[in-house]
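Below is one structure. I have some questions about it.
For clarity, chains are labelled A, B, C, D, E, F, G and H in written order, and residue numbers in each chain start from 1.
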Amino acid sequence: MKKIFASTKGLTDRPTHYCPGCTHGVIHRMVGESIEELGLRERTVGIAPVGCAVLAYEYFNCDMFEASHGRAPAVATGAKRSRPDLILFTYQGDGDLASIGMGEIIHAANRGEKITVIFVNNAVYGMTGGQMAPTTMPGQYTTTSPFGRDTAEVGYPVRMTEVITQLTTPAFVARVSTHTTREIVRAKAVIKEAFRYQAEGRCFTFVEVLSTCPTNWGLSPREAVKWVEKEMVPYYPLGITKRPEDFTEEWKDGGH
Amino acid sequence: MKKIFASTKGLTDRPTHYCPGCTHGVIHRMVGESIEELGLRERTVGIAPVGCAVLAYEYFNCDMFEASHGRAPAVATGAKRSRPDLILFTYQGDGDLASIGMGEIIHAANRGEKITVIFVNNAVYGMTGGQMAPTTMPGQYTTTSPFGRDTAEVGYPVRMTEVITQLTTPAFVARVSTHTTREIVRAKAVIKEAFRYQAEGRCFTFVEVLSTCPTNWGLSPREAVKWVEKEMVPYYPLGITKRPEDFTEEWKDGGH
Amino acid sequence: MPTIDVNIERCKGCERCIDACPQEILGMSQKLNNKGYKFAVMVDEPRCIGCSQCAIACPDVAIEVYVEGAHYQFFQY
Amino acid sequence: MPTIDVNIERCKGCERCIDACPQEILGMSQKLNNKGYKFAVMVDEPRCIGCSQCAIACPDVAIEVYVEGAHYQFFQY
Amino acid sequence: MTKVLMKGNEAIGEAAIRAGCLHFFGYPITPQSEVPEYLAKRMPEVGGTFVQAESEVAASNMIYGSAGVGIKVLTTSSSPGISLMAEGLSYIAACELPVVLVNIMRSGPGLGGILPAQGDYLQATKGTGHGDFQLIVLAPSSVQEAVDLVVLAFELAEKYLNPVMVIGDGMIGQMMEPVEFPPEGQGKPLDPGDWALTGCKGRKKRIINSLYLDPIECNDINLKLKAKYDLIAKKEKRWETYNCDKPYDLLICSFGMMSRICKTAIDDLAEQGIQVGLFRPITVNPFPYEACRKAMDKAKRVLVLEMNMGQMLEDIKLAGEGSKEIDFFGTAGGVVLSPDESLLKMRKSLRKIPKATKAKPKKKPAKKTKAAKKRKSR
Amino acid sequence: MTKVLMKGNEAIGEAAIRAGCLHFFGYPITPQSEVPEYLAKRMPEVGGTFVQAESEVAASNMIYGSAGVGIKVLTTSSSPGISLMAEGLSYIAACELPVVLVNIMRSGPGLGGILPAQGDYLQATKGTGHGDFQLIVLAPSSVQEAVDLVVLAFELAEKYLNPVMVIGDGMIGQMMEPVEFPPEGQGKPLDPGDWALTGCKGRKKRIINSLYLDPIECNDINLKLKAKYDLIAKKEKRWETYNCDKPYDLLICSFGMMSRICKTAIDDLAEQGIQVGLFRPITVNPFPYEACRKAMDKAKRVLVLEMNMGQMLEDIKLAGEGSKEIDFFGTAGGVVLSPDESLLKMRKSLRKIPKATKAKPKKKPAKKTKAAKKRKSR
Amino acid sequence: MAGTEVLMAGFGGQGMLLSGKLLAYAAMKKGMEVSWLPSYGPEMRGGTANVTVCISPKQVGSPYISRPSALLVMNQPSLEKFGPRVKKGGLIVINTSLVPVKANRDDCTVVYVAAAEIAQEAGTARAANLVMLGAYVGWAGIVDPDTTIQMIEKEFARKAKFIPANVSAFKLGFEAGVKAKEGAKA
Amino acid sequence: MAGTEVLMAGFGGQGMLLSGKLLAYAAMKKGMEVSWLPSYGPEMRGGTANVTVCISPKQVGSPYISRPSALLVMNQPSLEKFGPRVKKGGLIVINTSLVPVKANRDDCTVVYVAAAEIAQEAGTARAANLVMLGAYVGWAGIVDPDTTIQMIEKEFARKAKFIPANVSAFKLGFEAGVKAKEGAKA
């Protein structure tokens, strides 16, 4: 019998602490597979955020930092500028990247740091118990928007992919999702593409991944993926919004 | 004889400390005139940045805060949310707003704080002696880009107006300039329009103003305005990029 | 014959594999694992086509897929 | 007759008014003011059309413009 | 008035409202997130404002803006978040704005953990930020006291136009205890005085600023602030002594929740006939040096117990001026010494006292009177 | 080796390079902007890296990243910028990363001014950030010493895997003095040890982290750090005494540039036949308490002179343990006491000494020998 | 009367924090001093959650208790962790529906309750926490069962349809507790 | 020999910081200890800038000097501010091109130099700062004029075309200083 699907060397064996159906796990696997498949694992340094993925340093099977809340892109900048031969990635939640870390992500992107940013958008602060994030959907109930996000009071959700795309410097920017197997397959290809550009020393690479938080959304894992599809995808359109102009054909469709 | 042009009550009598030909002075006048002409001066609270305009609290003839470097939008948020009847404006440089204060400006914009932000882009840190700003032009020499801004190393200048425009919430966003009388006239109309929207309780309003720093550019005031025209305007296109949908006709062309 | 192997101690019972399987041959256990979760079980093994959809969807890397010879592939993953 | 009044102690000699004046009737002093700057001076007053271009351009609010009756207006400011 | 059973964090939020504070700006962080969560619901009910800031840096500048326009304002956070407020707090103190902060301390340094700790004592009392400024710092040891001190914090902030910080550990934030609140609707709005930016109608413009390029002027501001801190130190010191009316050989110094654990141990020792005193500062800045010294003078030895590596210890040493041997025991990282373990530490210190007065217990003192009489606070 | 005349800020930049530091991340701020400006030019010449961070918050996290991958790294800033690094420094210390920082202090609090001050002493030595951690803090009093201490800072940082901060005031940064540097190319790269993240090829993965959810583990980390600080305190204290080989009634305690001003005044007094001693800590953390006490023991009275409102004063009190009367005089806001004014303060303290030994000057001591002999430092 | 300290432990989501709160409320209503201190942590499923309730006639000293006088456990890890800490002569209530092992303490009263099954009887398996609480209240007699029932009704006021099942779960547990107490006395 | 402290003051951009640096360099070359401490501030035109140079055979104590032994002033505000502070018996050099008033000190030597005019003679009015420096060096004799000239040449190495004018401005100033010294002695 041939084993055609198994865990990757890019991840440790340790089971995650994520809630049932939390797609942080899927995203971990895709990142782990990408660095392993590209042969980068042994020179990769990952950066865990403060958020539910804070323990990511235990799960990725490569050297890992744990950064302060929101500052992973600055840590990555310091590391990559010091050791350009290393592959640097940050793995950040929406509270981490889009709220407190807004300055750091925009500047790392704008300086064109040759790093890969995996941005997990689950429309809520998972770790701290479900507070409103900048990405929380209009009307969404959270512990700090107990009457639903009121856009007249706190504005519309931030679309980070579009903001980063708007900058001149970053050259690979995409939004993918995890709510169906098909989307996971697409997401994997895009994440791998991002790492490949970094390995080629090309550009700042940014992948936003729509993710679930069944626990804080108060939904079952099944309902949660439906919610991503119905509520999030229309507001956060999927696709690659920027690619280096001279990308090679092989990567054109990100494998799908 | 009729006096048809004189200083405004919106400014104090105090001569500014700005260098000869520095257009901070022009921008001050336009802001002062706007709040005075709209009858807002006595309920306006301005917020000076850290930058060459740090002493703006002496020049604007209204209640004034001096904020910490980059955080004026957060100060304005605190003030406006506490006293919605006041008119709040921040006056910020490009180091202040686009470098250290990136997080604060984007979030104030995205929450739709009903304030007016006057963003003075002079492509350099004036106050501290001419270091590189996020807005410094490609190839521009500064004390921290002594070989000229190398976009391969530190990326392209940030276009704040475009970044803010990209957000869903902010409804009035514009870029104007000061390099000719004609542009000053346009700029004045736009700034006044911004304050009017705030007075009407409508939306977050943002006006980027291209400005000179003859001192740190190493140019005469005359050369400096030419430089704005030739180097900056092509990269930083002028115009109103966003307006509340239902603006009244009277304001359509911003008076020009 | 293609088949899958569910690591029942990693499984958290989210049921995403069940929804992902085009053959609809996965179900949930009645028993709980040590962490207190019901876990995924193969209900109709002979119909498994080895497509890996279940494994791709699993957030907890709890599924391994085995095949002999040809097997169906929806996407290249 | 339109005319302007330059506050020579506010003037920093940047010459922006000179460039702004469509009548080209402004020039710089030879003397320095108390801050050590040359300042703007009206060279050909009768030709002033009271258009305020100089005042609008001045970063130091150093110019006031006076008119009697009609005067030329390029822009509404 | 009836008591309600309430979580410390929620009680803190409610206390602010009762004190008349209707504006909150803050960012979630464990173990204080229940404050913003509670206020997100509660503020709209009382016509107040809740704003979730994008970060603690922003929050500290929002309260600057809010207080600056003459509004009573609160922010709350926990250790790493407080660090991010260092610059903002320096500005607020320099501009003499009355804000109230609560730090529900968690274990550090760095990300540390989320469990209770007292590791931010020195940061709060000595080195909050750059330049010469001080916070008034209050340290409650129960949910009720947290409520009382939040109310007091607003009073002191306004009286002295100074930022006031209430520091509690995670336990204070997370536990429920019965509390009583001041009645609703009694908190007065802030008096905008002659400094708040309320629009310059009918008066000269005002400026809130901390830039003084002229050294003399800047020195004067520093002297003025210093004089204020000296006045506060003279007038506002608060502390509690426990079991200090009996002769004791050993004095325990402890603050916040840790002092409560010590009290249980002290009661246990008392039952065994051994009297040990407790000194607990309530204002940890200004620190009640003289009162502490007085309590120390009566003892043969001092034991400082903290949930950190020895931070208040410095103040105890300053109070003692070398007059007494001082033992220290500290835990960090969320380890909370139990009453039994604390008792062991006390016994250890007692053993170090030469010829300690080991008075035999004449009679087990009745618990009730002990409880009633032992406490003395001002 | 030849001396060159150089601005303190530039000399600090060059010293880092000579120490083998080829990576700088920082943000401009007066009065230290010449460091980044100098290094922006100089780093490319030596194959190093200069990155202008978007803020001090970012800078403190960049040096975390840089040191974490095993690189010698420097950042510099001034007071408000250092406040913004509070959280980052707590992480760096918790993760035991060897970084060097320079704080060219300006007047505070708040935006304050840009003139020289020493108002960040307590922030640097006691309350830098949340949690129990300490920086090693060095205080130079000349451009040459700034150079020497920057070089030493890199050594100590690496030896103890601890952040080291050099604190100078604006004068140190802005003035030019002749300096001598260690030869170029001698600074060794950092030893990545068993902790740096260099890619896991051929070894187990490594983690740089400060999260410890388990209280016991987190407590252990705190104990480990505490043990390290105790060791540093035992081994690394440095100080200077000046004019302390003669009997003196008055001891001056002063650090950094202020101590130099005091020396001029002390020389002037000596010319008038009045001997006054000076104690100057070079490591202000760990503070040389014992040496300070020794110097205090010889005096009848102590005068602390600082460019702040009395910050090192706390350490002097801790050293003195109430054994001596201590006078304090401080200026802030950029006011720098002149030697003459300092002399007046000294006279004032001298007058307070009952029956001060007012030995008539036997003979004006020759200036040369005085200058040569008066200094004693380790 | 000396203080009473009850530690209640289980998986997150099993409702032990609520049980603790109800107990604290009921004691407070009786005029006692109380404190309720939960373990707290990052929002993670599968973790354990516990709460310590202290009840005392005078102000509660330390709300943090190393050696409780009673332990209510909903899962095995909690029994293993906290079982040995219970004071001599104390009480241990074990939910046998989820804990297949015995408590190894013969110096304590141990009450075994099939809480889930009993709760199911009462109407919903989710009320197992109230069966446990009932058993404790029945055994310890420290608070009034009727007050406790009032508290339950208040707690579920907004989801009134759950009241009957929860109240009867509590009552069934209470009976089991009373019976155990009588057994212990006998 | 006791220390010498020279305060040089003028508008920003008049080059007094450079003059001070050249003096410090020349003194250093002679084996003296030196310090050079500028006033520093936000980049503003129209403000004044000054620098204190201390020269001493032993390590300079305080680089910050309240009572300098010499003052070189390029503008009136500086004269008003610093004139009274000069030590008895000290030197004040005044640029009469910009300072229309006299120093009110008869306990000091006051040298009046039309620095701008002299510099103009030398080739560029911008070298007035070097005329002032020359005057001081000529008067004080503390450093070697030739070394100073070498330093000027080094300083302007990259803009060599400015060397001759600057050097001759220095020389003209030097002569004025020497003459003043002789006048004072006489």
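Here is the rule we go by: a residue touches a chain if its C-beta (ideal position, glycine included) is under 8 Å from a C-beta of that chain, and two chains touch if they have at least 3 such contacts.
Keep in mind that this is a model prediction, so the values were computed, not measured.
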Subject >> Labels of chains that are neighbours to subunit B and to subunit E >> reply: A, F
**OP:** Could you tell me the least number of steps, going only between chains that touch, from subunit E to subunit H?
**Re:** 2
**OP:** Would you mind checking which chain's C-alpha centre is most distant from the centre of subunit A?
**Re:** H
Original post:
Hey, how far is the Cα centre of subunit A from the one of subunit C, in Å?
Top reply: 25
**OP:** Indicate the whole-number Å distance between the mean C-alpha point of subunit F and the mean C-alpha point of subunit G.
**Re:** 57
Subject >> Chain centre separation in whole Å, for subunit E relative to subunit A (CA means) >> reply: 40
Subject >> Rounded Å distance between subunit A and subunit B, as computed from the means of their C-alpha atoms >> reply: 34
Subject >> Residues of subunit E engaged with two or more neighbouring chains >> reply: 30, 54-55, 57, 80, 87, 91, 110-111, 114, 209-211, 213, 336
Subject >> Per-residue overlap in subunit C, given as positions that touch at least 2 other chains >> reply: 12, 37
**OP:** Name the residues of subunit H that each touch 2 or more other chains.
**Re:** 41-42, 45-46
**OP:** Note which residues of subunit F are touching subunit A in the complex, please.
**Re:** 23, 25, 49, 51, 53-55, 57-59, 61-71, 73, 87-88, 91, 197-202, 205-211
Subject >> Residue ranges of subunit H in contact with subunit F within the complex >> reply: 21, 24-25, 28, 33-38, 40-42, 58-67
Subject >> Touch list for subunit C against partner subunit A, complex >> reply: 3, 9-10, 12-16, 19-20, 37, 50, 52-53, 55-61, 63-68, 71, 74-77
Subject >> subunit B residues touching subunit E - in the complex, by the definition given at the top >> reply: 12, 41-45, 47-48, 54-55, 57-58, 61-68, 71, 74-83, 86, 103-104, 107, 111
Subject >> Footprint of subunit C on subunit A - complex, ascending >> reply: 1-7, 11, 15-16, 18-26, 29, 181-182, 184-185, 188, 214, 220-222, 225, 255-256
